[in-house]
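Sharing a structure below in structure tokens format, with a few things to ask.
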Amino acid sequence: MQFAKPLPSYLVTRYHGWKATTYDENQGWYRRLATEGQRPRAMVISCCDSRVHVTSIFGADQGEFFIHRNIANLVPPFAPDGDHHGTSAAVEYAVTALKVSHLIVLGHSQCGGVQGCIDMCKGKAPHLEEKTSFVGRWMDILKPKFAGVADIDDEVEQARQFERQAVVASLENLMTFPFIDDAVKAGQLSLHGLWTDIGEGGLEAYDPKSGGFAPV
Amino acid sequence: MQFAKPLPSYLVTRYHGWKATTYDENQGWYRRLATEGQRPRAMVISCCDSRVHVTSIFGADQGEFFIHRNIANLVPPFAPDGDHHGTSAAVEYAVTALKVSHLIVLGHSQCGGVQGCIDMCKGKAPHLEEKTSFVGRWMDILKPKFAGVADIDDEVEQARQFERQAVVASLENLMTFPFIDDAVKAGQLSLHGLWTDIGEGGLEAYDPKSGGFAPV
Amino acid sequence: MQFAKPLPSYLVTRYHGWKATTYDENQGWYRRLATEGQRPRAMVISCCDSRVHVTSIFGADQGEFFIHRNIANLVPPFAPDGDHHGTSAAVEYAVTALKVSHLIVLGHSQCGGVQGCIDMCKGKAPHLEEKTSFVGRWMDILKPKFAGVADIDDEVEQARQFERQAVVASLENLMTFPFIDDAVKAGQLSLHGLWTDIGEGGLEAYDPKSGGFAPV
Amino acid sequence: MQFAKPLPSYLVTRYHGWKATTYDENQGWYRRLATEGQRPRAMVISCCDSRVHVTSIFGADQGEFFIHRNIANLVPPFAPDGDHHGTSAAVEYAVTALKVSHLIVLGHSQCGGVQGCIDMCKGKAPHLEEKTSFVGRWMDILKPKFAGVADIDDEVEQARQFERQAVVASLENLMTFPFIDDAVKAGQLSLHGLWTDIGEGGLEAYDPKSGGFAPV
């Protein structure tokens, strides 16, 4: 590993500042978290996008949320084929080991992954269709939902609706996992779908009655 | 999706508080992030664990880090087989689309995934060895590194060392991706390995010269 | 007081969110409460337990309930000996100064204080029997009621019944205060005994006719 | 107990509404809290005053804060004399059994208990000086601090300052408990002093460097 480099000094400086202030003021709590283990109430599945900070939006601190972040906050369908499935492993750990009570899927506006999927579905992104494109193959998970938004002429509105459908697809795929289906039916786990507008700071929740999203 | 539930009210209340303060005070920046797109300097790969907050440790704000979080901050080896690979997709997007300059893998103490892998390697976790265990199949990525820590008698020390090896394994696997190898060799991307002690607030960095970790 | 520390930043952030929303939206009422004084209809005596939120259960807002919370929602007998009596002071203030119309004692399931008293009564908690144990000496208030549940074999059922007896003991002790006896007899004050099941969200009320508790 | 009365119907109605909504949506979490026990990060000592809602100010939900409420948020000095000490029992349980990491004393404006103490100190409240006055004997805890505010001519300002001194007195008395002194020195527990202005929604924190309070 001769390629690893020292950490940029601005990050080293910030870390030492955090250690002398936030850590110092909360040392007791951090030590308890270390010795007693985590006990998060909720798991959040959100996007890797640098503009989405679920802990900030919800005023959460260390210990509150078990967070998985991937491209476009997608959950693939249940597929116990023995391969590496990072998202499925995270969900399994949260539900069966940590026994979280809430599973929140958080989508967002201006999602690059969702836009790539639209481009693929419109035949505009041949590089994403290649077998070697990890982003393309990952976004295949969302493709079946494109039919529902294909008729929207306004491209911005189409993207916003498809982003919401990414949340719905993940919720639907989550229910294909037997341990999730069991926990939901036993009243131990509830699922929640959210979508946030980065520029306007909006937050909408999926409403199972209407099948649409409404501001919280 | 008749199973989706309304968001717990304490989260709704906190969101509205965030909207009226943090969002309101930073609206101009959030709108720019929305219209101009993200431009993160670094990608961070860390664990889903609720006790690990990389943005807190580094005083980071919206737009700074593209963050992928999975169980035990693992990166699988390059495998362009056409299947869904969430971690590989996240790395590909960060390096080829966003062109981040730093790729940071952040491990941590008391990692439940790493402990599960130790248990498997010692034959103590048959349930994780089943084909249907997503956590077990995910932690297979780390198994080859166990030989290097198998002789450590002290179980706590063994776990801490194996957590650091999870970071090294991810760094090594990252270098198997051609686009990463290219970017590193072109001087466009640097890799960094970190490990944080949750209870003590420590932060250590991988040192390619010594092959070990040292406090930053 | 060199030991006092700054408030954790997540609480500061949440406070500012509250100030900009809940406070801002209710400023007129909060100002009236400040200038005209409080005029609560009821006093509630409940446990310190973090899982018991009487304001949530009853949808109560600022100004509705005067709330005293102590270990196991206990009221000691009337003892005007000149010492500090926090619970008696709270009751005296509520009844004689604020002239509340209802006095509600709210017990709950999984009460750690009640469990400690059971352990003492069974000779299993010598540390609680020491003179220096504040929890032990406080739970002495409940000891006389143990005879009524001593014969219950099922330990869970025994604890649940003893928790209900803690409510009855408090109601009985409240009636030893002359100002309460007077107010009750004058029809100005009514007493109520409740017990809530944390996990099931149940709520039972003491029925003076049967001497037992029944779901409300 | 022939005096106990049925719960007022407006509370019964509200409870059933809570059960069908908030409880139903959070059932999984409430059941976990019941079976796994509470693990609050902080204890809060605040006043019984109906206008002070610490959970609202801090956006807290079930399980976050262990809350003791008494008249004027006072903590008496350590006195292991074998008598009933409700406040000391609550503090002992929080620190030694629950091992909370933060102990927050929250004072407030327009505090009736503090005003009563001022009246006593000025010889204007002979009824509070009687041995049988529980409120008077409870407020004796604060009397030694009156010398520090006796010279303030403006009565409103004097009361506001004395309320802040009630917080300081409690912090000082907390440090007389050996188990608190030990936990603070071991870095396991931190103390915090706060004062809130009910009408204006302000929040000030005790600053050990200046010895005064400043807005958070």
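Read from first to last, the chains carry the letters A, B, C and D; within each, the first residue is number 1.
Keep this in mind: a contact is a pair of C-beta atoms (placed from the backbone, for glycine too) under 8 Å apart; a residue touches a chain by one contact, two chains touch by 3 or more.
Since this is a predicted model, take the numbers as computed values, not measurements.
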Legend entry - Maximum centroid distance from subunit B, chain identifier (CA atoms): C
Legend entry - Angle (degrees, nearest 5) of the CA superposition of subunit B onto subunit D: 120
Inset, instruction - Sort out for me whether A-C or A-B is joined by the greater number of C-beta contact pairs. - result: A-B
Inset, instruction - Give, as an integer number of Å, the spacing between the C-alpha centres of subunit C and subunit A. - result: 41
Inset, instruction - Between subunit A and subunit B, tell me the centre distance in angstrom, where each centre is the average of that chain's C-alpha atoms. - result: 14
Inset, instruction - Note the residues in subunit B that touch 2 or more other chains, in rising order. - result: 5-6, 8, 13-14, 17-19, 22, 24
Legend entry - In the complex, subunit C residues that touch subunit A: 5-6, 8-10, 13-14, 17
Legend entry - Residues of subunit A that touch subunit D when the two form their complex: 25-29, 31-32, 36, 39, 41, 59, 63, 99, 101-102, 183, 187-190
Legend entry - Complex contact set, residues of subunit D against subunit B: 22, 25-26, 29, 59-61
Legend entry - Complex interface listing, subunit C residues touching subunit D: 1-8, 11-12, 14-15, 17-19, 22-24, 27, 30-31, 33-35, 37-38, 40, 43, 48-53, 55-60, 62-71, 74, 76, 80-94, 97, 102, 104, 109-110, 112-113, 131-135, 137-141, 168, 171-172, 175, 184, 190-194, 197-201, 203, 205-208, 211, 216
Inset, instruction - Would you tell me which residues of subunit C are touching subunit B in their complex? - result: 13-14, 16-22, 24
